[in-house]
Amino acid sequence: MITCFGETMLRLSPPGAYRIAQAQSFDIVFGGAESNVGAALANFGEDVRWVSKMPENEIADACLRWMRSFGMDVSKVVRGGSRMGVFYLEKGASLRPSKVIYDRKGSAISEAQPGDFDWDAILEGTDAFFFTGITPAIGETLPGIVEDALTVCRAKKIPVFCDINYRPTLWTPDIAGAAMRKLIRGLCTLVANEEHADLLLGVKSDKTGDDKLYDIARKLCETYEIGRVVLTLRQSHSSDDNTVSAVMYDSVTGEFVKSKEYRVHIVDRVGGGDALSAGLIYCTRLGRSLQDTIEFASAANALKHSVHGDVLMASAEEVQRLASSSDGTVRMIR
Amino acid sequence: MITCFGETMLRLSPPGAYRIAQAQSFDIVFGGAESNVGAALANFGEDVRWVSKMPENEIADACLRWMRSFGMDVSKVVRGGSRMGVFYLEKGASLRPSKVIYDRKGSAISEAQPGDFDWDAILEGTDAFFFTGITPAIGETLPGIVEDALTVCRAKKIPVFCDINYRPTLWTPDIAGAAMRKLIRGLCTLVANEEHADLLLGVKSDKTGDDKLYDIARKLCETYEIGRVVLTLRQSHSSDDNTVSAVMYDSVTGEFVKSKEYRVHIVDRVGGGDALSAGLIYCTRLGRSLQDTIEFASAANALKHSVHGDVLMASAEEVQRLASSSDGTVRMIR
Amino acid sequence: MITCFGETMLRLSPPGAYRIAQAQSFDIVFGGAESNVGAALANFGEDVRWVSKMPENEIADACLRWMRSFGMDVSKVVRGGSRMGVFYLEKGASLRPSKVIYDRKGSAISEAQPGDFDWDAILEGTDAFFFTGITPAIGETLPGIVEDALTVCRAKKIPVFCDINYRPTLWTPDIAGAAMRKLIRGLCTLVANEEHADLLLGVKSDKTGDDKLYDIARKLCETYEIGRVVLTLRQSHSSDDNTVSAVMYDSVTGEFVKSKEYRVHIVDRVGGGDALSAGLIYCTRLGRSLQDTIEFASAANALKHSVHGDVLMASAEEVQRLASSSDGTVRMIR
Amino acid sequence: MITCFGETMLRLSPPGAYRIAQAQSFDIVFGGAESNVGAALANFGEDVRWVSKMPENEIADACLRWMRSFGMDVSKVVRGGSRMGVFYLEKGASLRPSKVIYDRKGSAISEAQPGDFDWDAILEGTDAFFFTGITPAIGETLPGIVEDALTVCRAKKIPVFCDINYRPTLWTPDIAGAAMRKLIRGLCTLVANEEHADLLLGVKSDKTGDDKLYDIARKLCETYEIGRVVLTLRQSHSSDDNTVSAVMYDSVTGEFVKSKEYRVHIVDRVGGGDALSAGLIYCTRLGRSLQDTIEFASAANALKHSVHGDVLMASAEEVQRLASSSDGTVRMIR
Amino acid sequence: MITCFGETMLRLSPPGAYRIAQAQSFDIVFGGAESNVGAALANFGEDVRWVSKMPENEIADACLRWMRSFGMDVSKVVRGGSRMGVFYLEKGASLRPSKVIYDRKGSAISEAQPGDFDWDAILEGTDAFFFTGITPAIGETLPGIVEDALTVCRAKKIPVFCDINYRPTLWTPDIAGAAMRKLIRGLCTLVANEEHADLLLGVKSDKTGDDKLYDIARKLCETYEIGRVVLTLRQSHSSDDNTVSAVMYDSVTGEFVKSKEYRVHIVDRVGGGDALSAGLIYCTRLGRSLQDTIEFASAANALKHSVHGDVLMASAEEVQRLASSSDGTVRMIR
Amino acid sequence: MITCFGETMLRLSPPGAYRIAQAQSFDIVFGGAESNVGAALANFGEDVRWVSKMPENEIADACLRWMRSFGMDVSKVVRGGSRMGVFYLEKGASLRPSKVIYDRKGSAISEAQPGDFDWDAILEGTDAFFFTGITPAIGETLPGIVEDALTVCRAKKIPVFCDINYRPTLWTPDIAGAAMRKLIRGLCTLVANEEHADLLLGVKSDKTGDDKLYDIARKLCETYEIGRVVLTLRQSHSSDDNTVSAVMYDSVTGEFVKSKEYRVHIVDRVGGGDALSAGLIYCTRLGRSLQDTIEFASAANALKHSVHGDVLMASAEEVQRLASSSDGTVRMIR
């Protein structure tokens, strides 16, 4: 059982390439970094539990219905509070950037209290725990609640995975850095990027190219006693076309690997990093090699860009097929 | 110029008769009692100003675009605050009732401050002012802000129209009653119904039928020094079929009139009362007879039920055609 | 082969119950009285030829594609002229009437010339000819062109069916009356209603009820040497609900029959009369009894109201099932 | 745990009131009598297991995702066989009947083998079993497989509920009768109607009105040693309007009760009887009175007609609110 | 008259880039290699007859309506059998491949009997016959039925065109090879690719580049006494971008030509090869040069990728404009 | 106040990449070069008045509603005449070009009379006037009406901007040239391209590259006493991908500048040039440098291609962000 903890919001987006000002309807999905990771893992065939706090209304009911459709266990979701967070996604196109407008203030989970979560019960049977840097950012009580969860993880020797996922609209680098430095200590695997390593965690390097990435990953492991670090890379050629890849470092073996680069034509940009985290957890639990792990995780990231919504809708076989393809060409399957 | 003051929200509703749990998209319009009245009046050809407070984001921009499309002046809308209110409307069908879920807490207007509105400037050139009982209910500062507006109206001798529009999810009858009794004193015209007259304003009657309605209307006028009172009537046969009508009393002439009853098959139930208020204001300003006024207002109410969205999309001619029809039959126009 | 001659337009209508001012898209079909009759007859299994004049562009191509989908022969459609006519249909609901806005001026067929149509060739193999009063109304040359067609029909002894279909936006009662009185002389069957019989054809009756209808039908037959006359009846309870029926008189036998009355809940109001004409022609050609004929024709009319678009999408069996049902109840077929 | 066993198909239906010949897209849901009952029960808050056989493809995967969204356990669904059944639903309107076209031949479940289902394991923890007369009808091996399940139910003393649900396109009255007479012996509760009681089970009555229904229900209980019998009643005024109700007889107490009659305006006609069965099982398990049971079950049936798809999307509270309403009027909830 | 013989299925595809698991509706078209070729030829202005066997239900009726819309003659389509085949198309995007799931087992045409088709009557007036390797693959009787058709073609000296179109899900290379080697003997023109020439027809070459293609085409002509052979080439850069071209060899003149290469951005990938075959037949019948023929056919293939559905919706002029363009640039036409 | 004068039409386009022959609905917007420019300027925050003549019907009402939504003043639009022009836009894809079919003959504005427009009143408060070469082309009276407007502009010293916008379907180069040469004399700024400078205005150059463009712009200024000339450049790689840029010459300073080149992936091709004109007018009025002006205008043009409809839906800040970006990369904003 993999347990994911965080906020999930109703996502409202104009159809196709419409701007918000032009929309007469919004397409809806539910999205949140931790449930995105959980749903992708469930699609890979894993047992997943998603934990959060949600209000008692039909919107939250619809969200739980959505979570269950992946096969995720939602029996530990706490009900209460006043509202679900909402975010508006206006998909970009060509030279027009995508925009996200958050309306998450006052959401049930952001006002959760430590007593809401009985982590001993919640983590019963769990053998991997996942959260992102968004969870402690959404409310004042949240860093403490995450800390509670991590304390139980330590006691139960549950490996913890975390994506640093810094959101400047939620907190400042100073506050975020102070909180995250505490929470990431002793992680099994941390996902970050060069910018956030510097900004929040105070780790940078004067080198260039792969040496620089190696340097940053190694220092992060050393400084925060982390088992493995993944650094993600993205180039945005336009709103329609990006190139993504990742590197990974293992502090035990000292191994450093790079994934293939994928040029992706974008159907939906949101959730790429979450798909990567899901791939990472999936391969880690299977004990696959570092190279295989980063290839699978990067392929999951790349593939996510071709799928509508926040969640990677793909089987582990589909991800592996892309990860294993020598030339990336894609032929119709029939 | 007619000035309307209140909150407008983004309305999200599943298409057709879908339940929220079944929706993959939400149809969107913008709705709020006061802007619904303003938009209907603008559709009738009146000059209308809508006043509110809205955040600085693309959702609010889209709302202003919507307001301008009717020809309403939005130059006095204050920008600021953190979010726009949202409401979810699940349209009922047959024996399944419609449901509204509000998510308006923390909206910009609900946290407005008295200093946000310069009523002297806002009401410059205004010759009718409209608000509903929702406006003072949405935030602690709002009763005072409405009172400020009414003070300027009194000074400028601007006639004021108000729909009592009691919403039990926003405040209790006690608090609402205390606030509204103060605000409705001296109104030009008040719109209410039997239930709210009793619950909030302490006015009821032991009589039956029309006598009862006459009694209540008369007492409301006397107790609160109101010029005219309209009482609305609605029977809900099913979520698809209602019967609507209204009565009206003039405290100066003592005249009491009833409108025709309209059996309506419902396209969209929301905003019927707002259409009635718009019709009322429209005819009052034209100096039409009490009977003509209540017929026009009731026809506007009835016609609204055939139109998607919160706003009565109809010309004054279309409303009058229905109000004047002897038998209510409807033939294709070509 | 049944040949139908007239104009067909692109029909643009807002989805569902939306008003034109609210639409972001228009549903499209093609519609015209004569092609509606032809398409319904083709759906019944008849060989049908549709004749008109259409411009050389993709809109007209799409229209011909549509005509062919029913199996109609369009090989005699003349290409040329500058545009296709368009009409906007705003479907009514409840107490809001449906509206049609025509934009047909300057259409190819309205500017057709007598030389465009070689009626000897067009009517080769034809054993029934259908037109409506709209065709001579759409352009100055059209009465003459219809007259040309009727001359050939007379020579070839092709029975002619006509629906008077008076449209006050196209011509005045005086001009229409003068033209139609000439064109309907010697018809096999005329479809009209009480109002148009008086207004255009100068036939009315002082009697009441069925006697009145009998009187009018008989006089029409006598005055204009017509074989049979059908008078249609419609009550509009609301935009959603109508009651339809028809009577029929045979001048040879003197027989006068009435159809059942159908209370219809309306999906699409347009084309009901055209479905009736199609039913009439279908049964006449099969030599069915007068009673069976008017029942089938009225059932076709009633059934049309349950189908989207201008055309009755139903087989002859489906129409007959309704015509034969004793109680009009409708059970799911599975 | 309530276990339901049967076939579920992909349902394809033209949007709105479109005929199949007019559709450019089909709305999709998944539907089957037993999963409809299971999903409604899950919506009421029950633990439900759905058992069937489904092929290994993306359509079946989507169906399982759908089942899980209600919270149903699908871990005992057998994968294998060549295809999923499909049915096309053309919704009727007004005087045009709804049509269902089945394409279920060769479906995985219809070709299932007795060895596919380990009933001891499947029924572990089950305390109610539901099937309909469709399940034994869909394939030659199915009566035996159902018999196997019932044998285990008897051994485990699991009460069994069955809806006779006779489908003439699947088998003849003779074959169906022979099979069903065997399978219904000893049922906890049987749902049937007057017509099928006679046609399949050889039970009828010469009486009239309620006496007749009482007579039939009593005889069914006696002849087949059944605990309780429900007889459903439906009048089809048109494709848009039906009246539904039901009666129920308890063989132990001899009590006979009738539900209220509901006039329903139809959004989606399919699955009404399945909602009734779900209501029946729900109240039976709660030990509610016979009158309360039939009222709840009939309200569930009535409410289903207002919901798109095969499944009653409603909470037990919503059903009870309708069952308890004295006058059936419906007011907006806000 | 060009006669095409084969199966056409209902194609169900999620809108846009949705995965099957995400769809709430399926877009529908009808598609089959032979009807795709026929429809494209009809769009070019040719007389086309499509021959198949289809069940007596509304889905098949809708398919025939579709066929007639192109102007194709369907009078020789045999009605009977139990079902129409269905296929699900999930369009790929970027690095996610498109997927086709067939559900065609038990279709009417796959269970057709030799006596169903009177080839002498069907081929009356035909001057070109087209089939693909799918037709003999779909059922045991089909190779014999195709052979019957070819026998009549030989007797009537009707030139035959065939696309080898090998589908590994329908038959093995061994069985397919044995069948096809017999059926392609004496063809006017065969369309194949390098892979299938080797796998089914035992023809390959040790050369490289164009020499290899020349070699294969020449050997195919010699071995199977075929007039002309076209070999198609496709590179799949991603699900969105392919490069297509073709070569053609004439066994009489020994001429070997290559088409331009087209880089296509894909709207709909299905039916490209069918558009090529249509272009081939069209130019062959016009007696155009080998170079002109392969350019037109390749342009038809390329253009198909920009059109939704299985069928090339384009006039011969539109195809020729692309074939003739020197630089492939595309400017708006207005 | 910026005043724009010209025709706006209802634009009907098949959804997505559908061809007209495949559409069951048309997406609708309103578009016309001058209102496109006005709406973009209003989106930038400018006060804009749009002037035209429109019929008294619901389609024109909807158009005015649309205009008002941008905040444009429509109080000077003349009502009358018989119809609104319509154009059909079939969006191209890949190697299939976009197509526009105009149906604007007989539109209200094309039949306007000089007396319809009181230019003194209309241009009261105006400090910039914009028209395109389409306006004088649409009707015989239009060149005179434009001349009337320009006379008042000259008197009031209102700077005039014009886009030559030659449309060969509306007039011949000879007639267009004669008219435009007169109208462009003394312009503040003219937008043209190389081809139209030669064809209509008799200005070309033997040089190559930038020298050629410089030469043409300079000669245009000199010949027609124009202040500044912009020449636009476009390469059409496919219907999905274009490269756009522009050059600008100032006759007072002799300065000649070039904008960046933008490779755009196209959402909607229409209105790019209009966005450029809006950008031009916007920067000119702000007195920005020639380089800044052409960069902003070109960025507006480029950005328009990413927005659905004819109008650039973007703020001045969004345009400037693109104009200022060093590398054109685009990152999600959140």
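In this document, chain identifiers A, B, C, D, E and F correspond to the written order of the chains, with residue numbering beginning at 1 in each.
One rule holds in what follows: a contact is a pair of C-beta atoms (placed from the backbone, for glycine too) under 8 Å apart; a residue touches a chain by one contact, two chains touch by 3 or more.
Predicted model, so just to flag it, every value in this text is computed and none were measured.
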| item | value |
| --- | --- |
| Fewest hops from chain B to chain D - one hop per pair of touching chains | 1 |
| Most widely separated chain from chain E, with each centre as the mean of CA atoms | B |
| Centroid-based (C-alpha) most distant chain relative to chain C | A |
| Superposition rotation for chain A onto chain E, Cα-based, multiple of 5° | 120 |
| Shared interface numbering between chain F and chain A [over half = same, under half = different] | different |
| Separation of chain A from chain B, taking each centre as the mean of its C-alpha atoms, in whole Å | 45 |
| Rounded Å distance, chain D centre to chain F centre (Cα mean) | 63 |
| Sequence positions of chain C contacting 2 or more other chains | 16, 19, 21, 24, 65, 99 |
| Complex contacts: residues of chain C adjacent to chain E | 65-66, 68-71 |
| Chain C-facing residues of chain F, complex | 12, 15, 19-21, 23-28, 57-59, 61-62, 65, 82-84, 86, 88, 90, 99, 101, 103, 105-106 |
| Chain D partner contacts - residues on chain C that touch it in the complex | 16, 262, 264-267, 302-303, 305-309, 313-314, 318, 322, 328-334 |
| Of chain B, residues touching chain D in the complex | 16-19, 21-22, 92-100, 102, 167, 169, 235-241, 269 |
